[in-house]
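To start, I am sharing the structure in question, which I have written as structure tokens.
Letters A, B, C and D mark the chains as written, and numbering starts fresh at 1 in each.
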Amino acid sequence: MIRLFHVSKFYGRCSALHDVTFHIDKGEKVILAGPSGAGKTTLLRVIFGAEVPDEGQILVQNRNVARLRGVDIPYLRRTMGFVPQNFQLLPQKTVYDNVVLPLIIQGVKRREARKRVGASLKAVGVEHKQAVRAGALSAGEQQRVCIARAIVNRPVLLLADEPTGNLDEALADEIAALLRTIHAQGTTVLLATHNQRVMAQMQGRVLHLRAGRIVSDSDARAGAA
Amino acid sequence: MMRAWYLVREALTNLRVYRGSVAIGIVTTAFALACFGVFLLLYLNLHNLAGSLQRGIDVVVYLNPDAPEQTVAEVRRRLREEPAAVTVSVVSKAQALREFRDAFPDDALFLGEMGDNPLPVSFVVTVSPGFQTPESVSAFAERVEGFPGVAHVRYHQDWIDTLALVVSYFEFGAVVIGVILAVATVTIVGNTVHLSLQARREEIEILRLIGATGRFIAVPHVIEGAMLGAVGGGLALALLKGAFEFLRFELYASGWFDGLERILTFFPDPVSLLLVLAGMALGCGGSVFSIMGLIKTRQG
Amino acid sequence: MIRLFHVSKFYGRCSALHDVTFHIDKGEKVILAGPSGAGKTTLLRVIFGAEVPDEGQILVQNRNVARLRGVDIPYLRRTMGFVPQNFQLLPQKTVYDNVVLPLIIQGVKRREARKRVGASLKAVGVEHKQAVRAGALSAGEQQRVCIARAIVNRPVLLLADEPTGNLDEALADEIAALLRTIHAQGTTVLLATHNQRVMAQMQGRVLHLRAGRIVSDSDARAGAA
Amino acid sequence: MMRAWYLVREALTNLRVYRGSVAIGIVTTAFALACFGVFLLLYLNLHNLAGSLQRGIDVVVYLNPDAPEQTVAEVRRRLREEPAAVTVSVVSKAQALREFRDAFPDDALFLGEMGDNPLPVSFVVTVSPGFQTPESVSAFAERVEGFPGVAHVRYHQDWIDTLALVVSYFEFGAVVIGVILAVATVTIVGNTVHLSLQARREEIEILRLIGATGRFIAVPHVIEGAMLGAVGGGLALALLKGAFEFLRFELYASGWFDGLERILTFFPDPVSLLLVLAGMALGCGGSVFSIMGLIKTRQG
């Protein structure tokens, strides 16, 4: 599913990623851990094709992301879900319109789309805010809408960057359970988080990142589904 | 289906949400196109005026003062046969004296003191439109000068040449100023669209995040730009028409250049339509250009 | 220091705050708890003068915030530090320039300003990023820069909205310790957080908010310094 | 101290960071001001031309054809005493005949056949600038007509009146078009500044968050606007000067209207300076206006 070979990314003197090599099989459930500034977000963005690495190769679903032409990236992304750390929603649009957008882009029928959006919003517990402007939501609500948007198109691969940072324990537990369910339905999950509790609940393989390097990997074989 | 509907609805929503920027874009487009339009109108009317002045070319054929009736009739017949001559009218000796008195009242003072009428018979020949170039007129005049009994042929050669030169210079200047104004219009409108799109950078970034293609992102903006430009063009047209009618009425009321208000013409309908289409094209083009810049710059 | 009388704030049908009454004395250390969407951010923004309540009165340092003229609000704000939940930094400016800005606004001398900015950045552990554009920082780094900016002008009152949402446990502990130190130096602290661990470490009075109402207050007297 | 320095540095930083928007602003200002400037230049030069045409007013005094030498001398003396007359020159009978032949070659054909020269002696009087209004000229002419021996006084009353009317209409039109162009310029520049400030909304929000007053937020933007406008004005001036010199050279080279290139004038230096200052004021004004809107709208 995901293969990184000696990937490095430098910002001036700071190396956000340094010679990172690992692979994640289809159906795995991987937790990306590490302190603030370790390079977790950079790693996810590189996999998502939002950042081009300075060195190394990345294969995602057998496509060389770093070499992909700009026009092909959207099609690759449609098979992925991404929950950004700084929850990017269109603030002027309603929650419903935000979540339905990936389905419109993929040309899903209206009735089917409505059903799926409803289910997604319900799963993250913000179905009562469907008609509210996304910009008016509280931080935790926005975070959950982003999760709903990422899972609405039933992605093959879900990348989530600190999806519980603005959620209380009860909600974080719910989100962890949701991610486990989605994983059980066949989606490969890569989750970057600080939250020890979420890590424990996810019961997945843990990749430890520190200063751009992988310092530990709780055995690739053990975590494979 | 849902996608097409989304793209149109999105354009309409943008027009509403960003109505501040949109209003600015419309007003800017309208002003820029109106500036260009004022110039075009000026050019069109001066061109018309020059044309209508040039059309009134008469050739005057003076006979010898002592030419007998028979020669007069003969010259008249030969002039009538000329393909370049449309109408030929005779000015008799008495008529010539009257006209001379009207034209030169000062110099006519002493004509009254002269015993005999010294003025010759003459013909005024209107030249047909097909022969109104300076070359044809002078060729015609030379031929007529060879007729027996003809003393002298007068036509405003200098005047025609000067007018032609003035018109050609004016047209040169018009093209230069027109190009400058057109460039200014395109720049200003393009920039307005560009700036108003800048504010939507984040929006575009988010759309890319969820797998939208460049085309999907661009289409609503291009539709929006086209609508904006069309409205701006329409507004410009309305401004121009209003100003034009006001000016024409003022001219009519003042009456100082009688008949000028009848010569003045507004754009013919196709040109009016073209102005609106130009606004639309400008808005569209500005959007495409700006959005391409925004889409292409980042892989994110 | 802060007194709220029957404060309500409505957004359409949703009441973000509903008849909230409490007061916080000078030198107190108060934790604002409550689930996502409870109204914590709204409450802090109302106190900060960034939102006008629909009903009720708010006194902050004996000034009626809701009635304050627009031109007076900046002067009140200069006595407060605010750590927003969505860490708002000027992305084009360096970390140093972001943190020094409140001091420039208040006309602090350059040498003094440099010393204070250095100390603040060191306290949150991002002094090595001084010369980096704020927009280029990782989420956790940005959050810490916001904390540094809020404490650099030694505020009388510090309002912090979920300041550890993007930090790992070790860093969260450090920030909690920092807030305790600042409180010990005489600053009144009002901290909105979900994080049970931070709550426990802060050892302060806890105000529980739920659906815009205060549902519990661990005794105003006990928490007073 | 640190604060003042910060505000200036901030303006310079903004110019650099937002160089895209700044360049757009400069180009827009330059184009808008150049449009206005082209018009102003056209107006200035046509006004000059009209003035120089109007200045050449001559009054021609015809004596009776049979007036004796003594009368001629007497009239000449009295004309010299008139305060309105600057120069008085005599046109003798022989000279008059020559001039008539040159002016009207066709009509002069028959003059040669007349025995005696019927043309009278005349005086050409140049009117002093202080008396060049239509009223003064006609009062002067009436007085002179009463002199013994004077047959007739001719001056281009109609022509003067028409020219005055044309100039006044032209000035009316000029003011109208000038106002429209000025409004367009202000609108376009103001809008450009407004749109480029929109992109900095968040920045302003953040500054308010840390206790910045409206003035503190506004000053760098106003400085920036002033610089942008001044550069735009300078660019407009350079464009105009370049186009003007090009046109003058072309006119000179073509030689079709001899001496016109010497009548053409560019703006005098104070007006040039004013154009740059106008750009500065526009940029400044646009910034103040926009930033006030952004600062006032939200309490946050």
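To be clear about the criterion, a contact is a pair of C-beta atoms (placed from the backbone, for glycine too) under 8 Å apart; a residue touches a chain by one contact, two chains touch by 3 or more.
All values derive from a computational prediction rather than experimental measurement.
The chains in contact with chain A and with chain C alike: there are none.
Under the touch definition stated at the top, chain B and chain C share these contacting partners: A, D. The greatest centre-to-centre distance from chain C, using averaged C-alpha positions, is reached by B. Chain geometry summary: the mean Cα position of chain A and that of chain D are 68 Å apart. Averaged C-alpha coordinates put the centre of chain C at 63 Å from the centre of chain D.
One simple way to say how far apart two chains are is to compare their mean CA positions; for chain B and chain D this gives 24 Å.
If you draw each protein chain as a dot and join the dots that touch, you get one closed loop, with every dot joined to exactly two others. Checking each pair of chains for touch leaves A-B, A-C, B-D, C-D. Listing the residues of chain C that touch chain A in their complex gives 11-12, 14, 34-37, 41, 85-86, 132, 136-141, 144, 162, 165-171, 194, 196.
Only residues 2-3, 6, 17, 202-203, 205-214, 216, 296, 299-300 of chain B touch chain A when the two sit together in their complex.
Residues 45, 49-52, 70-71, 73-75, 77-78, 80, 82, 84, 88-90, 92, 101-102, 104-110, 113, 149 of chain C touch chain D in their complex.
Interface residues of chain B facing chain D in the complex, by the touch rule stated above, are 20-21, 24, 27-28, 31-32, 34-35, 38, 62, 65, 100, 104, 106-107, 109-110, 113-114, 118-120, 151-152, 154, 165, 169, 173, 177, 180-181, 184, 187-188, 191-192, 194-196, 198-199, 243, 247, 254, 256.
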